[in-house]
Amino acid sequence: MNELDALYRELILDHSKHPQHFGLADEDAEPGHSGTSHQKNPVCGDEITLRARVDGETIADVTWEGRGCSISQASASMLADLVAEEGLSRAEAVTLIEGFREALRSRGKLELDEEVYGDAAALSGVSKFSARVKCAMLAWVALEDAIAKA
Amino acid sequence: MTSATPQTAATAADPIDAVRLREDFPILAEQVNGHRLVYLDSAATSQRPLPVLDAERDFLEHTNAAVHRGAHTLAAEATDLFEDARATVAGFVGADAEQLVWTSGATMGLNLVAYSIGGASASSSLALRPGDEIVTTAIEHHANLIPWQELALRTGAVLRHIPAHDDGTLDLAAAAEIIGPRTRIVAFTHVSNVLGIINPVEEIIALAHQVGALTVMDACQSAPHLPLDLPALGVDLAVFSGHKMMGPYGVGGLYGRAEVLEAMPPFLTGGSMITTVTLDRAEYLPPPQRFEAGTQPIGPAIGLAAAVRYLDGIGLERIHAHETMLAERMRAGLVEIPGIRLLGDPSTGSVERVGLWSFDVEGVHAHDAGQFLDARGIAVRVGHHCAAPLHTRYGVTASVRASTALYNTPDDVDALLDAVRGIRPYFGV
Amino acid sequence: MTSATPQTAATAADPIDAVRLREDFPILAEQVNGHRLVYLDSAATSQRPLPVLDAERDFLEHTNAAVHRGAHTLAAEATDLFEDARATVAGFVGADAEQLVWTSGATMGLNLVAYSIGGASASSSLALRPGDEIVTTAIEHHANLIPWQELALRTGAVLRHIPAHDDGTLDLAAAAEIIGPRTRIVAFTHVSNVLGIINPVEEIIALAHQVGALTVMDACQSAPHLPLDLPALGVDLAVFSGHKMMGPYGVGGLYGRAEVLEAMPPFLTGGSMITTVTLDRAEYLPPPQRFEAGTQPIGPAIGLAAAVRYLDGIGLERIHAHETMLAERMRAGLVEIPGIRLLGDPSTGSVERVGLWSFDVEGVHAHDAGQFLDARGIAVRVGHHCAAPLHTRYGVTASVRASTALYNTPDDVDALLDAVRGIRPYFGV
Amino acid sequence: MNELDALYRELILDHSKHPQHFGLADEDAEPGHSGTSHQKNPVCGDEITLRARVDGETIADVTWEGRGCSISQASASMLADLVAEEGLSRAEAVTLIEGFREALRSRGKLELDEEVYGDAAALSGVSKFSARVKCAMLAWVALEDAIAKA
């Protein structure tokens, strides 16, 4: 697999074409509180709005809207999927985001564990492309911010 | 000193031998991702030829000293080289040495102008009053837009914009309506860094001067590509950046008509721009020194002089002809590829341009397209190229820009076209 | 990349081998007027060692591309090198990368601070009101004086000065009176470029912080000569220039405490410092990018990182010890020569200093004295060294300044002393 | 003669030690109109104030005051002497100043003619020292300005 294919895994292109949990959930609907974050990549104008609804200590769901490159869109879609599948607590989410950031900044040294990160593990290849790390991080930074506000 | 004689005397009609010229640019021999580097990002920053690298290094290894302030031999020699560089760079745009102010780049030059005008005393002919109008265009680089937004905010002046047609040309009929008795400043780019179109700056200058407005031209994207004679053009002020014209980072030029520079108050203050200083007040030197506070970019200025000698040695007419040929080859190829939309009119010969095109790949984000090209060694720029409003105008947030310079060859363009054909299939759209 | 390992691991106590280090500086092998070059003008601009020249050239020949704005390989590598350079230079003064703003030099850094404060909205904690006081000192370089004069003029603030004693030290008793509840800014130099005295900046910072004033330090003449830990010092903002610390022209640094930079509005505007731009308004990035409009001096920044690695490789403690030794040799020699008057207390050990002395030659103008020295290959600076008020304070318009760096030897000092002995006889006084 | 001695001719050191026509003449005294110019070299703070008294088209006398390096002081003294000895017209003075400027900017290529410039011809050597040209020019620029004002 050449480097480009390692970046654009099938899974990534799939998610970017069929984004999951796209469309913001109603803020006032049950359950619990919700937090919304808007993030932007000033270089290319890509942006994302992400909403996390929190029920006590548990993140109930993550929905989002935005536009941007396939990496940023796939990453948001995968993140929303991960939250939906794992039923994460706030604390767990924070740890996951930290680990994700670390792997992506590792310049190819760290791999994301599929057991933990699900489809998002396919984003490991991004870490070799330092100019694209921001794209992959966009949704995760938004979740960090949204939880803090929720 | 290494002198730049890249080719033996050639007439303006001879095509340039880009393959031979490439040897002057060490970086063009690089391999990227297993491919030869195809550098199509010169509108962001150009590469530097050996005579430029050598001139700066030669200076630092043999003559370096702070200028204008010392009697010792190195300081005197450095001052001579530095002032010769000023005359050389001024001459490159048709101007006299006293009309050229060194800056750190075009952004700095435009800020200098905007801040200086903002600091003009109420009695000055330059002072802006609430209700006065500053006119810019819808296609500007942020460097020629935000400083005017800020100046308008600070002075109560109103900022207006000359709109662009769908084909990327400026709407001159609208310009004639917008530029009126309230207009005090008209700021416009000579060549758009996104569209590559050479704007009808003579007409804009004429409209501005009819109403007595000051004209400020962004010559970043024309200085390396077209013959320029700024005094003949009649523009009041113009800026350019060294690194975009084969010169070093950290240096640029502000050209100004003598009366205009003379009327402008200082902007940055500090050493070497004053006559008398007490603890409580200072008096300032005449231009250009008035605007050159502190240690100037001496090595970079000497490098920039070598760069313009290099460009002049080849001849700007020939460079322009070469780059236009490349742009036409690029256009002709791109319009044949399904799903490629060029920004600006894609038909041939409609307007004069320099050698660049920006485009949108239907269904593929510019970042992804750029990444795909990079995997084949092709360096293009993706994003809004610091011209977000123009992209908004075309309904996109980002585009791919391929920009050429004298060292690009038809092979470079063909490599681009070949790769662009593969983008949409790769991403399955 | 060439890495800087000028000497094998040496402890802070080992004297440096300046004769060996001179080999790293090609220009020091020059002949001037038939003599070997004795370069004693490093306070104006230092010379550059090979690792600095090589780092910049290496970048331009292999990696050059505009940073932060592209997905292609060169752009990504260039961005990494540029941001690594930021971390390296920040680390050199004890700071984190986000606390370092690139500037074109110290003058620019000080203007940035003064203009940014001048542009703070009325509700900002930084905003100045008529009657507020800005305090500077009687010994400043014009770069740390005129921007404050102008800021005072623009805002109605009052500019005050901490006076100096005859021996060149600042009058701290007076400082304690001057710095009071109205003081909003205290701007001072760490080391005077005329006197070489290391000022008691901890005391001044303490006085300023007691009254809640912002502290701004000019570290131009300390950064290349003393170990610096700016966060530990507690200063709010500090500036330095690349070319005075073995680095390139066209680059400098502004250090700021995070909260202070965060509170400062942008100064220069243009590309790469914004988040959103429409034709009518722009929103700005957080620091340091907020203050970095347009293309930054990428090559020079990478060169400056090589310079601070070079300095760190030798060790600032050792450099300081070496230069102090040279200064003491110079002092001891100069005081023995009839008709030589040192600026500042000529007795030994009274205050801490870096390796420079300025002096007046009785009956001979500084220009003539400098010319005489130059005929023997000795490069010194003559004039007011951009500190006119300080010279007025000492009753002279100009002086001769001999300033050392790590590459100067006791032989250089002896050559100076020998030549100075000949000045008055030559001019028949 | 080495270069330094060519710069600091005996004559130059003499004039700088014994400046001629030093001390400004009374502005309102006869004959004719007078013009005064203040010039400054910002690098070193050297300054000169020069007064030319003009009688019709003839320059009656030049007096001056100032401080600075030996070159700037000698140059002023020599210039004042030249005017006193030659009884120049305005037009002649302008031509002389132009010629002086040209020689000094010639980087050693032009020599000043002693027949025409008198003692001031000794300043020819300055043209090899580009940093000192300003010093030698100071008084001559002041005269140019003063005549224009008279």
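Just so it is clear, A, B, C and D label the chains in written order, and each chain counts residues from 1 on its own.
As a working rule, contacts are C-beta pairs under 8 Å (C-beta built on N, C-alpha and C of every residue); 3 or more make two chains touch, one makes a residue touch a chain.
Just so we're clear, the structure is a prediction, and the values are computed from it rather than from any experiment.
Considering the contact criterion stated above, the chains in touch with chain C and with chain D alike are B. More inter-chain C-beta contacts link the pair A-B than the other of A-B and B-D.
Chain A and chain D, compared by their mean Cα positions, are separated by 78 Å. Here the spacing of chain A and chain B, counted between their Cα centres, is 39 Å. Our note on geometry: chain B versus chain D, Cα centroid distance of 45 Å, whole angstroms. One inter-chain figure worth recording: chain B and chain C are separated by 31 Å, centre to centre, where each centre is the mean of the chain's CA atoms.
Within chain C, the positions touching two or more other chains are listed as 33, 69-72, 75, 272, 274, 276, 367, 371, 382-383, 388. Residue positions 43, 129, 132 of chain A each touch two or more of the other chains. Pairs of chains meeting the touch criterion: A-B, A-C, B-C, B-D, C-D. Chain contact summary for the complex, chain C toward chain A: residues 68-72, 75-76, 79-80, 272, 274-276, 285.
Only residues 40, 42-43, 129-132 of chain D touch chain B when the two sit together in their complex. Contact residues on chain C toward chain D in their complex (touch as defined above): 33, 364-368, 371-372, 375, 382-384, 388, 391, 397-398, 426-428. Those residues of chain D lying in contact with chain C across their complex are 2-4, 7-8, 13, 17, 43-46, 67-71, 129, 132, 135. On chain C, the positions that touch chain B within their shared complex are 26-27, 30, 32-33, 37, 39, 41, 44-45, 47-48, 53, 57, 60-66, 69-75, 104-108, 110-111, 115, 119, 138, 141-143, 145-147, 149-150, 154, 159, 161, 241, 243, 248-251, 268-272, 274, 276-282, 293-300, 367, 370-371, 373-374, 378-383, 385-386, 388-389, 392.
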